[in-house]
Amino acid sequence: MSKNRIEAFSDGVLAIVITIMVLELRVPERAERLGDLRPLVPVFSSYVLSFVFLGIYWNNHHHLLHATQRASAAVMWANHHLLFWLSLVPFTTAWMGENHFAPVPLALYGFVLLMAAVAYTVLQRAVLRQHGEHSHLERSLGRDRKGRVSIALYLLAIPGAFVSPWLAGASYVAVALMWLVPDRRIERALEPRDGRGSGA
Amino acid sequence: MSKNRIEAFSDGVLAIVITIMVLELRVPERAERLGDLRPLVPVFSSYVLSFVFLGIYWNNHHHLLHATQRASAAVMWANHHLLFWLSLVPFTTAWMGENHFAPVPLALYGFVLLMAAVAYTVLQRAVLRQHGEHSHLERSLGRDRKGRVSIALYLLAIPGAFVSPWLAGASYVAVALMWLVPDRRIERALEPRDGRGSGA
Amino acid sequence: MSKNRIEAFSDGVLAIVITIMVLELRVPERAERLGDLRPLVPVFSSYVLSFVFLGIYWNNHHHLLHATQRASAAVMWANHHLLFWLSLVPFTTAWMGENHFAPVPLALYGFVLLMAAVAYTVLQRAVLRQHGEHSHLERSLGRDRKGRVSIALYLLAIPGAFVSPWLAGASYVAVALMWLVPDRRIERALEPRDGRGSGA
Amino acid sequence: MSKNRIEAFSDGVLAIVITIMVLELRVPERAERLGDLRPLVPVFSSYVLSFVFLGIYWNNHHHLLHATQRASAAVMWANHHLLFWLSLVPFTTAWMGENHFAPVPLALYGFVLLMAAVAYTVLQRAVLRQHGEHSHLERSLGRDRKGRVSIALYLLAIPGAFVSPWLAGASYVAVALMWLVPDRRIERALEPRDGRGSGA
């Protein structure tokens, strides 16, 4: 099977997921001052955070499928599974934003991100299994380490949301920054022993 | 005619259909506890079921068009016809979910799936007619058998919804599992006499 | 300039336009009988009609761009112009459906279709101008004749809507059937003198 | 990295952004006369303006990525950054339209366009940096001049909205026309000294 349509379909779903979130920024009626937008600030902040997360997923998905040529049935379903969790991001983003980062919505937001991270790991393994072990494997293992730190941070953030919303929020922002900032020192700090690069 | 744009257009429509369903998961206002999401459980379950069905259609569509090179006018209209029925899935999914699987919505959900299955069969025949008989024909005939079982289950489920919602629901889940689980024994059980493989 | 991205962007816009129309089929709340869907019948009929029109536009757009290789700035803007009018179809479809085919909404529906037909003619000329005269030119001129009949029918239907809704409705259905039915006799009847084929 | 998926993803996001704006044209209920659409006139005018702006961005994005082959991580994030600001256009368009071009919504509309223009400049530099200096560089520098005039007009329009809505509105229309009209005299007027062409 060719991988082109998996890329095209995933691009479509990710483009829609990233864009329909903005529909939650509902225009306040008969409100023409900047202060009238103040109630939208938490919804907008949630949108920015989720936009960054979906951008990261798109980049990683792009790299992962770039490294492969074909797509087995396992890869196709692992990809659908990832898209399923990402399709729930607009809902958890909106719920979190509209409740001003209350504990349960914050925890559910993290839970969906956690499941997406797990689904990405599963997809990565399905792609690797199809290719056998080779040079890309190592690069992806490096990436996996970054993925494991993300999963650990989500696992901290979900109960952490009930201790303090700031704890969960800071964890999500930390995960986003870890993937966003191309700072090699952060990567090296995470991989002190063998120094394997984790790619971009 | 090249088939590339049919694939691209179908990918676009399927990506949107699968994603706008999540818009039905309307965020409850001023509700910040997990229990506040309880009314969404049937809507969410319907979403999961329809996501799986649309994933199956995408996979099958991918395989079917992968086997062809060109697209006649008949293929283009057969494809539009399939997309039409699939475009109604978000509506029937939402109606079924919001009415907690009441008989009529359950039956209508099955009716739209039935029409989509018929439309897929028509598309399959249009693709085959354009190619003449050859090795792909057999593979597709095998697939057709799986398709016929699906149609039979829908025909059972639609009146069954008025006997018991569970009967219809179980039929839909059975169809989804039949396509989802890559269990060769199920395929063999469906094709006991000639043992032709039905492909993926 | 390559034409690939014009095709991809147009596919995206057409896929979204065709799909968001279904969002107008709003699920009636606390309504679980088939009769509860009766108010949706005009909205649904409008949806079917517009789905067919957008399918026709997609097919024709596919054929037109298939015949070209590059895209000038004029082609790009002629294409945006066509997409603009087609993007208004969901609005006029919904307005017509929700007002049970009242005269003004019926006429506005026709006006947007008329402008889309004019925009398609402009796009066709922009594509032809870029290529110079050759064999495709004739095929497209034949097509143009079909396009002119459509425009004439819209010009009849718009004032006709104020005489009788049926007159306008029948004109729209006639245009759709003219493009939909691959009946060569209809094409011949429209081109009695020179017998030039109008392509697909 | 291949640039194809960046193009496909951007096409998807731009197609959705341009299309969901039409969802703001909410169909008035139980309103079947042309006069009932009068309240939609400002929303519709805003839609037309934003449609033109997004069409311009699509064209420029098409040209910019056409000139490149690969995409670095910097290009990918610069592209996400541009898409982020463009994804806010439906919100500012709706807010401006629903408040009949009141000063603050008009200024915010210009602010988002300003940020998109800045993001486009950043993307342009990321593409150039990746390629080194060559003939495309000059063409793009010419383009940049046009981009700088746009940014200057936005910077005038944002405070200008508080003086007179017409001042801001005229500035936005002027920017759109500058990019839309393929009048070489305008370009020459902007580049009097060295006469470098600014491309299309």
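Letters are used for the chains, namely A, B, C and D, taken in the order the chains are written, and counting of residues starts over at 1 for each.
Here is the rule we go by: a contact is a pair of C-beta atoms (placed from the backbone, for glycine too) under 8 Å apart; a residue touches a chain by one contact, two chains touch by 3 or more.
Computed from a predicted structure; not experimentally measured.
Visitor: Based on which chains touch which, give the shortest step count from chain B to chain C.
Guide: Tracing touching chains, the least step count from chain B to chain C comes to 1.
Visitor: How many degrees of rotation map chain A onto its copy chain D on CA atoms, rounded to the nearest 5?
Guide: So the angle, rounded to a multiple of 5, is 90 degrees.
Visitor: Note whether the interface between chain A and chain B is symmetric in residue numbering, meaning over half of all numbers used appear on both sides, and answer same or different.
Guide: Answer different: the two copies use largely distinct residue numbers here.
Visitor: Between chain A and chain B, what is the separation of their C-alpha centroids in Å?
Guide: Result: the chain centres lie 28 Å from each other.
Visitor: Using CA atom averages as chain centres, what separation in Å is found between chain B and chain D?
Guide: One centre to the other, that is 39 Å.
Visitor: Any chance you could list the residues of chain C touching two or more other chains?
Guide: 8, 12, 15-16, 20, 23
Visitor: Taking the complex as given, what residues does chain B use to touch chain C?
Guide: Going by the criterion above, the answer is residues 1-2, 5, 8-9, 12-13, 15-17, 20, 23-24, 73, 76-77, 80, 83-84, 87-88, 90-91, 94-95, 98-99, 102-105, 108.
Visitor: Per the contact definition, I'd like the list of chain D residues that touch chain C in the complex.
Guide: 7-8, 11-12, 14-16, 18-20, 22-23, 25, 27-34, 48, 51, 55, 58-59, 62-63, 66, 180, 182, 200
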